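Please read the structure below before turning to the comments.
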Amino acid sequence: MSSLSNMLNPAVLFFGLGFLAQVVRSDLKFPNDLAKALSIYLLVGIGLHGGMELVKVDPASAVGAVIAALGLGFGLPIVAYHLLIWVVRIDRLNAAAIAAHYGSVSAGTFITAIAFLDAAKVTHESYPVIMLAIMESPAIIIGLVLANLSRQGAGNGRERRVSRELVHDAFTNGSVMLLLGSMLIGAIAQPTGLQKILPFYDSMFMGVLCLFLLDMGMEAARRIGDFKAVGAKLIGFGIAMPLIGAAIGLAIGHYLLGFGPGGALLVAVLAASASYIAVPPAMRLAIPEASPALFLTLSLGITFPFNVVVGIPLYFTAAQWLAR
Amino acid sequence: MSSLSNMLNPAVLFFGLGFLAQVVRSDLKFPNDLAKALSIYLLVGIGLHGGMELVKVDPASAVGAVIAALGLGFGLPIVAYHLLIWVVRIDRLNAAAIAAHYGSVSAGTFITAIAFLDAAKVTHESYPVIMLAIMESPAIIIGLVLANLSRQGAGNGRERRVSRELVHDAFTNGSVMLLLGSMLIGAIAQPTGLQKILPFYDSMFMGVLCLFLLDMGMEAARRIGDFKAVGAKLIGFGIAMPLIGAAIGLAIGHYLLGFGPGGALLVAVLAASASYIAVPPAMRLAIPEASPALFLTLSLGITFPFNVVVGIPLYFTAAQWLAR
Amino acid sequence: MSSLSNMLNPAVLFFGLGFLAQVVRSDLKFPNDLAKALSIYLLVGIGLHGGMELVKVDPASAVGAVIAALGLGFGLPIVAYHLLIWVVRIDRLNAAAIAAHYGSVSAGTFITAIAFLDAAKVTHESYPVIMLAIMESPAIIIGLVLANLSRQGAGNGRERRVSRELVHDAFTNGSVMLLLGSMLIGAIAQPTGLQKILPFYDSMFMGVLCLFLLDMGMEAARRIGDFKAVGAKLIGFGIAMPLIGAAIGLAIGHYLLGFGPGGALLVAVLAASASYIAVPPAMRLAIPEASPALFLTLSLGITFPFNVVVGIPLYFTAAQWLAR
Amino acid sequence: MKPVKRIEIVIEEVELDDLIAELDRIGVVGFTVVPGAGGRGERGVRYENLQGLGNVLMTIACDAAQAEKVIEVIRPILKRYGGICLVSDALWVVHET
Amino acid sequence: MKPVKRIEIVIEEVELDDLIAELDRIGVVGFTVVPGAGGRGERGVRYENLQGLGNVLMTIACDAAQAEKVIEVIRPILKRYGGICLVSDALWVVHET
Amino acid sequence: MKPVKRIEIVIEEVELDDLIAELDRIGVVGFTVVPGAGGRGERGVRYENLQGLGNVLMTIACDAAQAEKVIEVIRPILKRYGGICLVSDALWVVHET
């Protein structure tokens, strides 16, 4: 499936529409609570489906995926951190904050990849959705650690309390609860009951994704104003890092986990995407010295659009090539 | 259908998920307007269905249900009031406020009971939904009367104006308007038009219920903090009163109205459930001396979870036993 | 299809329910963000469908509709303006503000007309939806021009900047972006992808329209308080103007564009309806001397209800008569 | 600029209509209301909820004489339902219509 | 703590961009905006709605000189569209960045 | 009416829990919070968003002694995360419970 035909995927087109609306300074407003509602719906929907798929496979076989997810969650931020310090050459605290974003994942990008596979009628393994849930948390911990290292010491009492809070949040944040929770529900709930609720989470899913991406497009375009502040080198990082992540993800998905092109694409997307919901507030609290203009612009304004428009079809081509 | 399998009903599991999220202090936020939107949707959906069912039956046959609803609406608060004063031994004003909640109904519990019957593939009579609409109002009036009695006198001019307002609200509050209104629409609207809108209110219904219960679970868990303030005896009341109500409701549903187990369960749930949307604000205005921490914790934190998790399957077992 | 059976269209009945709820001063609240969400959904839905239909027809054949739309958009406000000044005899600035509303369109009325045709199982041409998108803008420009004429001069620097802003907004306002954007997406998106999102925009559409009209009914009833301020003559205008517009619309739809009764009805509704979302804020900024109590009451409180309840079936009868 | 009293009131959403009725009675026309507020006080925590038991924040600018009347009507409401009322001085940038 | 002027403005949502443009022109950087406000005044009742004709509440802390400029730019807006502007004194707990 | 300090704080939504924890520590019970605020300052523009990086507006009425303590705890927060804190005088219409 060519990159062009990906751009003709309605989800991607709605992302473009939102982006355009913002660029032409349209007064189009997307209620903030609607965006929250849509992301709750999408997380629950993806979780339920994942759970229903997972019960069909033997748990042992999931262990590999879990280990891979942890490896990526802890490894990627460290890769990103050193790239930022030695190649991009920015200060350690901004580097730590940005790195945490790239260690974590973007559920929106993941779901768009699934939409891509659906449109291309390509099947995929069911494990990546567990990996999605697992990879939300570790990066936040790494971010904290990197920050405390470069600050040497976790600071005074108040700051230590904040750090403890953040470790707690890393594992209990809304996205994690909704994903794991609805995966569990999808796995254990009585089939008759599940049948009753599926129409809501099935038939509407792709349509809701379009509205969500409409809003994401507007959000992405809002960051353009900060491009100058971000600078060419960091913008380059925002495109290079997903490519590096995707390469690692593809390798793990294909060789280590033995997934087909569908599953490999999803692992690549997990590794390539940067969090824009769970991690930003955590890093804002953990590393106030870091500039939100930098990490939000990179994750929302550059990496997210790159993955949605160019990355997904690119990684998929690579995944197919590997699968030859 | 066993109580366990009820707990495996997705709706109940999502209630549990919301409860858990709050207990572990997750930062999961459920937009308040989303909760309002979902409850509007659920009331309209239940009303439309009720109305479409009701036109099929002969109106005269509904008279019994209407009378029963009024009886329960006026009778239950008086039962609750005396229990609270003579057994639980709390002051008259808090007793009046709490009693009003138990005389009214919880649409959320009612709909969860319908989800339970659907999952169990059990049919039910169509009258209970009229009873749901009718039972919203009387309890508020009784609450006002009990309060004025125990205060002897309706107080000064401003307070009398407030009381008049409340009687007006008792019959025009949002839930009543939506329920009765969409019942009427379901009854008189042209079939071709109804067919066009049903997919929205049919296929999504149970899925929306799950999201609504997710939020209700969070709301319920928020009340835990007030358990100590409520005290063991009142908490006991919050479990005993629904059992008493259910017993009365089952008797009326089975013997008086001659309903099958499905219909009898719904009448039991109407009698057993406590209002958490329409009555709290009314009682807050009518009886400011009463503590919201008490009536909200009882209705949202104890009786609602009890009915949803334990009550519904329990009452249904009893209903089946009666129907033998 | 008789006017009565139109009143039994669920959409119209829900409009009536909202109207009633407000009249009896029910405490029913419709979250503002929900109203915004529903109108986003409806615009995207209507746009997607329009786009999918339009690709099937030859572009050249659309030219007539586009020209007609521009003619109506620029012509109707001028008709309305002179009626208001010479017959109703109100001041020029209020006249300009009101005229702009009647030159533009009401998507809500348009969609209700489509619901009417669906229920009556009458087909319609696909061009009117382009006309809907086109007619949002011109009236705003005319309103500005008329205002500046009667003020002689566009005023000081700030006011000129505001005017420039408004011309920009006229072509980039949210409704226009969503309509044109989703029309384009419906036209160019890959079919497999569109199939995935259609259930959301198809099956839910009429049900969502009902909730939207429930809110519109409440909005309409809120304006009643201003009827006295508006006065009998202006109220008369609020009913006469849609009739004039409808007549012109029918003529254009039937004779110029050669549409069947379905298409002719939609053109009539475009001409007869008054904007209540895009134009009011524009006129508020452009002509602060004009009273929102006047233009909002006319468009929301009089013309919208008139079209939804009486106008649509009336215009359709006329359209059928023409088609004999 | 005209010196005025700036009155700031926090009460529960459900009491708002009642308060506005009182303001009408004493002839106070102007006020601004910010809905959806939360807070904490003697009666515990309040947050926006389905029951309308969250707070609203009302601001009233008026002359000293009217301020007296407002305080008179707000006091029993605060006593009955809780909430707060703060009064301070401000200058009103007059806008003649 | 540094003494500042606390300026509180209530205008319609649709006028906000215009006001911010004016603030940019006179070099006022800092402000806080609370959306979704309702209210009542000479021009009748306002509440949040689809048309963006509800109110927003803007608070500006600045020195006396800037306050003069703000008042200058807000006056014509209030005259044209209505709304209010209250000015009072406050102490700013300075935060050096 | 009792003279009090009126403290007005604007911080990011994500810092609210932290601030409340501090208020608990110094024994400040009462406060009102208005969520969903936007604004602009030294750190650029803020608006309500999915990330909770919009602003909240907190108002605290308390006596001078407590005000001192509040300022003490808010200063490091402002230094760390930005935001503003304004202090002014007001009269509290006392409501005995």
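Order of writing sets the chain letters: A, B, C, D, E and F. Residues in each chain are counted from 1.
Please note the rule applied: a contact is a pair of C-beta atoms (placed from the backbone, for glycine too) under 8 Å apart; a residue touches a chain by one contact, two chains touch by 3 or more.
All of these numbers come straight from a predicted model, not from anything done at the bench.
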Lowest number of touching-chain links that must be crossed from subunit C to subunit F: 2
Far-end chain from subunit F, centres as C-alpha averages: C
C-E compared against A-C, more contacting pairs: A-C
Farthest chain (mean CA position) relative to subunit B: E
Copies subunit D and subunit E touch via same or different residues, half shared test: different
Euclidean distance of C-alpha centroids - subunit C vs subunit D, Å: 39
Distance between the centres, which are taken as Cα means, of subunit F and subunit D, whole angstrom: 19
Where subunit C touches two or more other chains, by residue: 31-33, 36-37, 203-204
Residue list for subunit D, restricted to those that touch at least two other chains: 34, 36, 43, 88
Interchain contacts (touch definition) - all pairs: A-B, A-C, A-F, B-C, B-D, C-E, D-E, D-F, E-F
Subunit C contact footprint on subunit B (complex, rising order): 31, 33, 36-37, 40-41, 44, 168-169, 172-174, 176-178, 181-182, 184-185, 188-190, 192-194, 196-201, 203-204
Subunit A residues touching subunit F - in the complex, by the definition given at the top: 32, 35-36, 39, 158, 161-162, 165, 219, 276-277, 280-281, 284-285, 288, 292-293, 296
Residues on subunit D engaged by subunit F in the complex (per definition of touch): 8, 10, 34, 36-43, 55, 57, 71, 74-75, 78-79, 82-88
Contacting residues of subunit A [partner subunit C, same complex]: 5, 8-11, 13-14, 17, 20-21, 24-34, 37, 115, 118-121, 203-211, 214
Touching residues (chain side subunit D, partner subunit E) in the complex: 1, 4, 6, 29-36, 59, 61, 88-93, 95-97
